[in-house]
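The two complexes that follow have chain A in common; it is paired with chain B in the first and with chain C in the second.
So, the complex of A and B:
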């Protein structure tokens, strides 16, 4: 394997459509809950330890070789809000196109055939990592980082926040990212003994509520 | 119930020492018998006193009355309820559950196991859980539904009494239907939980709750998404369909009153379809009601 593949996968310029999504930052900015670098950091920390942890664990489990369709069902059970399931599958479909072009594999082809409308994005991300020869921990890092880099980048556009400040937020979250990716890989390793209940299911009420509200906005800058 | 008291404070903090606190398991069994629901098992224990209320049509009704202050730190509490094939059970509680710190810093556990059989239905509508400052509670809901079972479940968490900081609470709700996981959800609020009071999770709201409705009829008609709540300062909620035949209302509000208003609005939405689905063994089941007037037959 080449570890550098992780840099390609986690790069914000990887053509998987993530740039069009704010990860809940757009409604939080509109509600005045994100208004500066400090509140952005609070937002990102909360998202990382809830939705981010779940995404990282789903990605790590898939990268570890668990049946992607079964992990996709576990993702459905952990995503009660319709708007977030739709977003996850749309992003999964885009990630699938990019991944099959970048690291073609029979496993990616099989998942694409089993889920023509798209699997949950973290599942596809995990399978892409596996196809690239990366580890479950690597996949956990990529998913966890994406959970905070998306909102941070969006906040720069939504608030005209100084990009230096937004990047400093991400740097301050590095220990939390280590913790999340490590926890994700550890739970993925427990599936063989405990089944998919080993995967975390952490939730964030406001992310859930505002994601569904945001989906009804007639005009918005980001798709989610 | 076993009550283990500890007079030596050092024993309380020893990780492998004897458990401090109360162990109690209450059990309810509801069964269908000639067009009505009977309760062959109604065993209260520890803080759970179980009172049978007047039946409502074919539906048996039970009220959980708090017999003592619980949960306190170190308590191990459990309620098991089984609704057998064709039976209908409605459970509520007389008062809010107040989690307190108790004599030890150890967390308390409160596990609810619900099993609902084929063509059976369960309304589980307790009053809120209040997490007082200094309390630490781990709560699990483990729910097994047969594929034709119906469920209405409400849970409400109030994070701290008026004017005090929140205690710590960690919950996990796992719902299986026909053996497959329909919903798996954890929540963790209070001291030590990263970002719990920040803009992604609760943003200063002190009351949060859910209303879960599982109904096989939703396989035919997928329910529409609904946004609930008028002014953001009075709390917000959404009703969305799950990936299976169920809906979940997720609500966050500044206080318990406004939370109850949001969930009440949502509950009214589904009162009608559930009762329309038909009688349990030829009898009308009537709308769910949250009141709890004990009766002695």
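So, the complex of A and C:
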């Protein structure tokens, strides 16, 4: 299949619900931790090397052909906060709908049947990549990029940040994205020897805590 | 003519509006979208429709708010439907994206309502007040209503835009206010006709008894056509 499928999958306009989520940027903006392009870059780098790395590894493992239901359990174990588990499954279900329409496969059907309320989004993303004929590394790239492009787009809306500055932040993160995707693919390759413990479990406690708080806000622009 | 075999391509079932049948093979609920600028009376229209039709039809509502759950909460407070028949979709400040460009959250909400409150006859999907260009994807709804009001200026029909020009029904609401805001209803009707050709226009005042009637009549016609379609 075509490598260009990665462009389709990683496009911010891929209709899988991401536009309604800020990846933790909304509470960070409210707390004054993101206030300009510089602090946005710090936030994104931190998210990339924690939640982003875990998501990329889960996506790469699924794309490598690991049992998606088992990877989904590994994802659950790595998501200690209820609000984020709910978000991951909601987005996973939306990704599943888009993936089945764009790259139909028996494997996607099987996961949809096993997890009707949604598997964790990075798992579905990895399986979508696999169905599109992409590699585990590609899946790692898509998940890693999403981990930073979501907050960057949200910050543009939340702060009226200059969109050129926000895009320049993403460009400056390119080497970190390379590193994250490569590390993700490497850990996925070690699962056959080491089991799912090979997958990273990096966490960002502040992202976890503020996500749970954000879920109770009565007025907010983003769903998470 | 080639017809795809269900077994060979089961993955093609994505349950969007393109697909008129349910998983169990029965015809699914008719889905009507309601869009239009903020404050024109979309939620009031949804509430009035629910009150007028809930005894004869199984109805559910999806709201798409901009940054709150106001619309869903208003409908709950007014008790126009039981809570399990109302779902709120969060839109990341962009309701037009959620109803047109990326409809996945709305389709999920409709599916959930079918599951918990179904089988349904009618699903009303309200878009958070947006602008004159917001329209619903055909993948989400079967027909759409665009709601404007006389207080927003009687030149809105003349200005046109995708909502005013292409919606299956244009509702011009709050006619009771026309004398107070100096809106010329006849000019609005004339301009709407010029923009819309044969597409229907309904003038409503929801503060009067049964003021929703032109819209319920139109929905009944849509339902008749819908249930007459191929199962």
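Everything that follows uses one rule, which is that the second predicted complex is superposed on the first by the 224 of 224 C-alpha atoms of A that agree within 3 Å, B and C clash if a C-alpha of one lies under 4 Å from a C-alpha of the other, contacts with A are read in each partner's own complex, and residues count from 1 in each chain.
Keep this in mind: a contact is a pair of C-beta atoms (placed from the backbone, for glycine too) under 8 Å apart; a residue touches a chain by one contact, two chains touch by 3 or more.
Since we're looking at a predicted model, the values are computed, not measured.
> After lining both complexes up on chain A, report clash or fit for chain B versus chain C.
fit
> Where does A:197 make contact in the superposed view: on chain B (first), on chain C (second), on both, or on neither?
In the superposition, A:197 touches chain B alone.
> With the two complexes superposed on chain A, say which partner A:108 touches: chain B (first), chain C (second), both, or neither.
Touch partner of A:108: chain C, not chain B.
> Check whether A:13 is in contact with chain B, with chain C, with both or with neither, and answer first, second, both or neither.
second
> Can A:212 be said to touch chain B (first), chain C (second), both, or neither?
Only chain B; A:212 stays clear of chain C.
> After superposing on the shared chain, does chain C or chain B touch more chain A residues?
Touching more of chain A: B.
> When the two structures are overlaid on chain A, which partner does A:186 contact: first (chain B), second (chain C), both, or neither?
Neither partner.
> Examine A:90 and indicate which partner it touches, taking first as chain B and second as chain C; both and neither are also allowed.
Once the two structures are laid over each other on A, A:90 reaches chain C alone.
> Please work out how little space separates the C-alpha atoms of chain B and chain C at their nearest point after superposition, in whole Å.
Chain B and chain C, overlaid via chain A, are at closest 20 Å apart by C-alpha.
> Within the complex, which stretch of chain A touches chain C?
It comes out as residues 13, 15-22, 90, 93-95, 97-98, 100-101, 104-106, 108-109, 154, 157, 218-223.
> Touching residues of chain B toward chain A in the complex: what are they?
172, 174, 180-188, 193-196, 198-203, 205, 208, 225, 227, 232, 236-238, 240-243, 248, 250-252
> Within the complex, which stretch of chain A touches chain B?
On the chain A side, the touching residues are 24, 28, 31, 33-34, 39, 42-50, 73-74, 76-83, 85, 176, 196-197, 199-210, 212-213, 216.
> Could you list, by residue number, the parts of chain C that touch chain A in their complex?
Touching chain A from chain C are residues 9-12, 14-16, 66-69, 89-94, 97-98, 101-105, 107-108.
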